[in-house]
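Could you have a look at this structure, given as structure tokens, before my questions?
The first chain written gets the first letter, and so on, giving A, B, C, D and E; residue counts start at 1 in each chain.
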Amino acid sequence: MSALILLSVLGVVLMFMGLRGMRDKLLPVAVAGLLGALALLVAGRGLEWPVLTDGMMRFDGYALGFSRALVVFTLLLFLFAIDYYSKVRENVAEILALMIFALVGAVVMAGYTNLLVLFLAVEVMSIPLYILAGGKRDSLRSGEASIKYFLQGSFASGFFLLGIALVYGSCASFDLATVQAHAAAAGADDRLFLLGLFFTISGLAFKVAAVPFHFWSPDVYEGSPTLITAYMNTVVKTAAFAAFYRLIEHMQLPFAVHAMLLLMTACTLLLGNLVALRQTHFKRLLAYSAIAHTGFLMLALLSPGPRTPDVLYYYLVTYALATVGLFIVLTITKRASRGDEHIRTFRGMFRTAPWVAIVTMLLLLSLAGIPLTAGFLAKYRVFMLSLEAGYLWTTGLAVLMALVGIYYYVIVIREAFTPQPDALPLRVSTVNWVLISLCGIAVVLFAVMPQWLAL
Amino acid sequence: MTALLLLLIPFVTATLLMVLRPTERARGIALGSTLASLAVALVLWAGFPGGTVTDLHTAWLPSIALDFSLGHDGIGLLMLLLTSVAFPFIIGAGYGERLRHPSLVNALLLYTQCFLYGVFLAQNVVLFYIFYELSLIPVFFLLLYWGGEHRRSITVRFFIYTLLGGMALLFGIVYCLVQPGMDGSMDALGRLQLPVGTQTWLFWALFLAFAIKLPIFPFHGWQPDTYTVAPMQGVMVLAAVMLKMGLYGVVKVVLPAVPDGALYWQRTVIVLSLVGAVYAAIIALRQHDLRRLIAYSSMSHVGVMCAGLFAWNHFGLTGALFQALAHAVLVLAMLYITGALKERTGTSGMGAMGGLKLRMPRLAVLFMLVVMNGISLPLFQSFVGEWLVFNGLWEVDRWLTFMAVTTIVLGAIYMLYAYQRVMLGPDKWQLEVHDAGLRDHLVLVPLIAITLVLGAYPGPILELVDGPALTLLSLFP
Amino acid sequence: MQLLFYILAAISVISAVAVVSSRSPMNSVIALVVCFLSIAGHYVLLNAQFLAMVHIIVYTGAIMVLFLFVIMLLNLNRAAEPMKTLGTRVVAVLAGGLLFVTLLAALRHGIEARAANAYDPTVGLVKSVGMSLYTEFLLPFEVSSVLFLSAVVGVVLLAGKERPWTPPTMEPTETEGARGE
Amino acid sequence: MVNTGVLAPLVPLLPLLGAVVIGALRRRMGAVQAGALATAMIGAGFAISLVLFAGFDTAAGGTTVRLLDWMAVTGMDIPLALRVDALSLTMMLIVTGVGTLIHLYSIGYMHDDPRAATFFSNLNLFTFCMLVLVMGSNFLVTFVGWEGVGLCSYLLIGFWYTRPDYNYAARKAFVMNRIGDVGMVLAMVLLFHLFGTLEYAAIMDKAAGMRWNDPLLVTATLLLVLGATGKSAQVPLFTWLPDAMAGPTPVSALIHAATMVTAGIFLVVRGSVLFELAPFTQEVIVWVGTATALLAASIGLLQNDIKKVLAYSTVSQLGYMFVALGTGAYGAAMFHVTTHAFFKALLFLGAGSVIHALGGEQDIRKMGGLKGKVRTTYLTFLAGTAAISGLPLLSGFFSKDLIMAHAFQHGPEVFVLLLIGALFTAFYMFRLLFLVFFGTYRGEAEPHESPITMTLPLVVLAVLSVVGGVLNLPHLFGGNEALKHYLGTAAAGIANEELVLSAATEIALMAVTLVLVALTIVLAHARFVKRTTLEGDPAAMPPLKRLVAERWRIDELYARLFERPYAWLSRTLHRIGEERVVVPLMNGVGTVAIRTGQALRKLQTGNASFHLLAMAAGIIIFLLITLLTDPR
Amino acid sequence: MENVITAIRVVPLEHYVYLSFLLFCIGVAGVVFRRNTIIILMCIELMFNSVNLLLAAFSAHHSDPRGQVFVFFIMLVAAAEVTVGLAILVMMKRYANSVDVNQLNTLKW
């Protein structure tokens, strides 16, 4: 809780610093604040304030682990922002403040125990993002991303609310435990509850961009500023999954909802991977691949067991690390090619910047799930979970789709390692170099020592 | 701990090569490393007491059935020896085909070697899988960077197609691992005893990877193109060693885990293998590129080996495993000669050759000796394996044996035709080429010596596989 | 009493349809105001006086005014929107209708939610809602402050300083992206 | 007592050593050095064989010398082992004896060839393989030699490798042999599963327990026959042998006359126990042999290439041996093998001498009247011709008549057919003799007599051809069939054979044969000496004659039936199998995925309204699915 | 007052639920149907309000104030969302000179 308050205050402070025009001190302060929050989370100080949190939130190990991860992601992205915003002076404070506010929402999402809090947290996280997506003020595409995100997000919120309302109608409570107990007691017979659960889950499925609620994600990913795309792909996704799993963790899902979710998983896997096959725009490729990874994560989500949170956590963290690194690489090539975001700009990278190319390869291999990268272990554990749960066909599909996934990642690797005589000279700032190296090493390190990434 | 050395020597050398990039001495260093590995492997062989030797066992991630446990039995040792023997020659071939960035090439080759050792040493299924997939990556880059025409699409196609099997294998392995009582060790696979219905479908999940890797008809689509495009050393790795991973996988994973499934599909697989063997042998006749010819010939040989494995009896198993070594030696020599010819004529297309014996009598003799092994004349290594396989197949079905035996005719047809097109006939092109030199002799003579020695006295190798094969058969319901 | 409910319901539905179907945004806003007022009536019927008040203040008072304001500001009152084709309209009505029918069908066996508590007429009063809000739901209340803060910052960021019109930066066209390899 | 364990391996190993040494030093060795070394090696082998022969105790039956473990896995123990018994000793003596002579001859014949050393290396290698073949103690070791001689014949036929047609002939020979080998391999596999061993001695013991006419045994023997057909150039796998005349003449003599082609005969004799139990197979052998004998002899009538005539004659004679095998007359077959080795080697070497004399000319239409110019060659060639035609008291007379007698005993129709074959033989052999040595010289090159290294072997062989009959002199002529009894100690089948014809019948048969042969010779004399008739272009001949002159068009038939369809199959399989099935199968999955992706991609229209609609539609669809799957 | 109180008992819960559903679906149809962004925003508000009504009805049914508290929060969120939405709208109008959602389709496929 203290971390949450620290973060909120940090956001306000950043805002005021922006008003005061203290542009140069913004990032140091923000990083310091985040480190402070992380320290509080790690130390476990003031986790729960009974007056505030009783019945609303609980900072159990699950919430704590995810909160730490979320803060770390934000921290990495802020470090990335040092370079990303090095030439920009206007509105940086607002953008950073909004990111912090969204982080507050995300942290709450990881620890809620009440549907009301969940709804509020989702909105607290989403509303800043609607704005951030349009953060590039003079870019039409950024604006388009913003409005698409907003419209679809609000629309989905409507369904989400309907769902919570129906659940409330059925069990007269917003309390997660009560709802879960109700699911076990009367879930199968209660149509009202069934509908409520369906719509609630739809709302969350929108946040994780599962088919058919994925339409926003490619457009928004592509149009948003890269930093924000990375933010969505890491913090938002992680928080959404944390919340999602928290909702159904102890819930005995009605058979129909369960079947629907499996179908949704299958569709997500199919669509995300197959469409990504034809993408040449790197951000869009990552957007579709994000949908694809949503599919794998949902497969894990649907396989309840003592290890599921661990697997989810591991998957999300390693996935986020890989994508952060790749987004940084993207900005590097984008700059060198004056705004081109297609994978063709990767060509010749091995010649001009071998280390970047190798790290890119590691990150992509991790996303693809090739052994000795964390991505492999993540997928492996997901498959293990889902087969333990007995989803033979869905797992089979997932495995097949993992293969499709390998194809489009490998295409990118191929580009990076194809010699190009007039390859663009890449300039890599020190911070970015350190960051991508960190990501690259991390995905290998966590593959060898996955126990370091346990909840 | 000696086994760990096998992993470490190539790995460390490769990393050093990557970092230090010594252009001139890269080949020499790599060669030294592979020879050191060979020495280690020979030490392992000398000290091999039989049974299964556990070299190293470290709990790594017991929660997901992943242990770092290394070991070997006779079959594993055979594969280790095969790898160790093959790699010095593969590196040596690099002196002929001088690729750019020799340090990188050799580093990639050594990484491959390391991962291959891993595959053959792994005593944990997941570890096996990890190494199995990893071994593909250096080869991918080798093809991508140093391949010939159309390498970009062909490389990716090869990679994806191989991984199609890999993913199926992953699925199958995970399915096995979530069964109660599985601790992830290779031995435990043999104790699974899944229901027959499950085994029938699980078989394909496990087998597909190896079927593609080997490759078995009709999963061989990737092979001819890849062999044509890849740099010679890459093809050598693929054909001589990586292909054997397929056989090893069948023996170590498929047969123990799903014996009933294997039995259920036995006919299908044998028929596919043999149809492929005959089919490839027929097609090989019309190939105009030596490498494509080798691709089909390799497929033809592999078809017989795979049929031997699935004969699921002692002769078939030992024959197929012996043949694995024989085939490695054969294909190394064939490819080396192709490389030597390409070095001299600038192509591996047979249309641009002919009458070369006039110019290169020594190479012609060496080639002839290799061809003799290729058409499995007795007293050459290939014959031993094939004879055993034929005997194994006989116990399954006589007509299948007949099919397998026809390959000795078809093999002779295309092999001799190829030899004629390359070496014999009038000196059409008047190429100014030099005859086989010291390097060529250093590579080819030992290879031929191995085939002859083991062809006349296969005892030491057969001894290695005899015991494990019996153990494997005892799993048979 | 029941009659009152049905009258209000009819008003709500008719005005809601008007919101959707009217061509001028201004008419939509007015219809929406009517709709919200009828909903406030429902709240009164449901004995939720506090809610009714807040509803009127927030929605009719603030939100709708905001809408009007923006419409005036941007001069959107023309019915500039090209109507969609018949097909789209049919699809849209079908979508809404189908959803409704599905929802009704789902509940065709009636609603079995048993009342959780004994009837208490004071539930909807300010005191009871306030107690709940400031004790049990203190955290969300605090968190909503962050929500508003971010909304404020967002508005500043998006629509803040009016700057001279600059054409969008030249970014690579998307046609490239559509092409496969 | 001689130490068989040491000496026996030396016999094949010495030629092997010679082959390796000469091969390795082939560029530093001249024809004479290489030839001398090669001859010395094989001569030493002959000497050792003689020692072994002398020290061989027939009562012991035979000695097995185990050299190495070979196919040694649980359940199978097939060693590399040699067996010294009467049969192998006989063959060893023939191989090394005739081989020595041919080697010696080659020194002269190959004198001018720059690749003489390679030739001698190959020749030595061949001898090694042949010795392994005859000395192998089990089928598989025999198979080593079996394949080895096939390979060597490939190498030697294609010796002049710049000629594509020679290479073709070489390949054809090898592939045809290989077709036979399929049968051989299958037979060995079958026998192994039948008996659990491939050792001749053990099989001989175990076969006693087999049922008569056991279908498996019949199959195995038929497969062995298939192998033998390939190696011994029987119908239908005989076409390679005439084409194999592309090689240097000594090779033709060694491989295609004296030794290699008799391997099939040898194999059947080795397995005689099995064949005795499979009468169906024996019947097949008889008819295959008869057909071969007749067919080849008929073709021989109209051939103009001196070596081709001899080649068809070889095929024909092999047919006789086959008939002998089929009738159970293994001793007779072996006897004919021996005598045939003498006179056919003699004839080939003589032909070689003629060719050598004429500077490479092989067409008999361009020869004639050579008897004065190459006197030794003429005389020896005459001896060979007389022997093969079966003129009385020459070696061929005894061996062939023995076969004919057995054939008569088997069935008069076989006898009649063989008799026709014998007449054909006499006719074409004398036609050859007359056309080459009589009349007037029709060529251009200046003929000269060959050097002593070439004529010496001719003389030795001529002597042997003349007196070879004493080896197995029948009772009728006061002999005791020594060879047969000697061989009987090695192969049980031989011991069983017995001619039960009365002496009168035997004499009658001989008389008929002799009279007819004499008449044939007179006819030949009339046609080719008094009035030299030369065969012209086959196209101008009457149909049947043309068919015979064109070798019954069997080559064309085979080309049409097998070679061309096979090439077509190869092309078609590649075009259809690879390009239409396998590659599309592999790419198809990917293409389907990419197409689907492309289609799904169109869903993302970028139109916000559409996205909202799609979301709503998605919700409705999933809601419906949920409700429909809900059990209630 | 009494009359009002009894009304809750008189009108069955189902009717409130159906009414909210109907309003919700009209809102959904509107969102799908209209292209004018500002009207889409209004339709979304309509959806929110139908949920509010539903919650209020349930709250009354269960005699539980928490449902009404939720409504209160929904209003807050709706207010914030409308603010942001209108700001985005203004921005859109400024750059694209239109409020037609379908004018924005540079991002696709």
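Here is the rule we go by: contacts are C-beta pairs under 8 Å (C-beta built on N, C-alpha and C of every residue); 3 or more make two chains touch, one makes a residue touch a chain.
These numbers were taken from a predicted model, which means no experiment stands behind them.
Taken together, chain B and chain E share the touching chains A, D. Any chain that touches chain A and also touches chain D is listed here: B, C, E. Put simply, the chain closest to the centre of the protein, by Cα centroids, is B. More C-beta pairs touch across the C-E interface than across any other pair of chains. The most distant chain from chain E is D, comparing centres defined as mean Cα coordinates. Set against the Cα centre of chain C, the chain with the most distant centre is D. For this pair, chain D with chain E, the centres built from the Cα atoms lie 97 Å apart. Work out the mean CA point of chain C and of chain D, and you get 99 Å between them.
Chain C and chain E have CA centres that are 3 Å apart.
With centres taken as mean Cα positions, chain B sits 43 Å from chain A. Chain contacts: chain E has residues 17, 24, 27-28, 31-32, 35, 40-41, 57-58, 61-62, 64, 66, 69, 73, 77, 80-81, 84, 87-89, 91, 95, 101, 104-109 touching two or more partner chains. In chain C, 84, 88, 91-92, 95, 99, 103, 106-107, 109, 111, 113, 115-117, 136-137, 140, 144, 147, 150-151, 154, 158, 168, 174, 177, 180 are the positions where the chain touches two or more neighbouring chains simultaneously. Among the residues of chain B, those touching two or more other chains are numbered 160, 164. Touching pairs of chains, sorted by label, consist of A-B, A-C, A-D, A-E, B-D, C-D, C-E, D-E.
Chain E meets chain A in the complex at residues 17, 24, 27-28, 31, 37, 40-41, 44, 47-48, 50-51, 54-55, 57-58, 61-62, 64, 66-67, 69-70, 73-74, 77, 80-81, 84-85, 87-89, 91-92, 95-96, 101, 104-109. Residue ranges on chain D touching chain E, taken from their complex, read 601-602, 604-609, 612-613, 616. Within the complex formed with chain C, the residues of chain D that make contact are 594, 598, 609, 613, 616-617, 619-620, 623-624, 627, 632. Across the interface of their complex, chain E is touched by residues 116, 119-120, 123, 127, 130-131, 134, 137, 140-141, 143-148, 150-151, 154-155, 157-158, 161-162, 164-166, 168-169, 172-174, 218-219, 222-223, 284 of chain A. The residues of chain E lying in touch with chain C in their complex are 3-8, 10-11, 13-19, 21-30, 32-36, 38-39, 41-43, 45-46, 49, 52-53, 56-66, 68-69, 71-73, 75-84, 86-91, 93-95, 99-100, 106-109.
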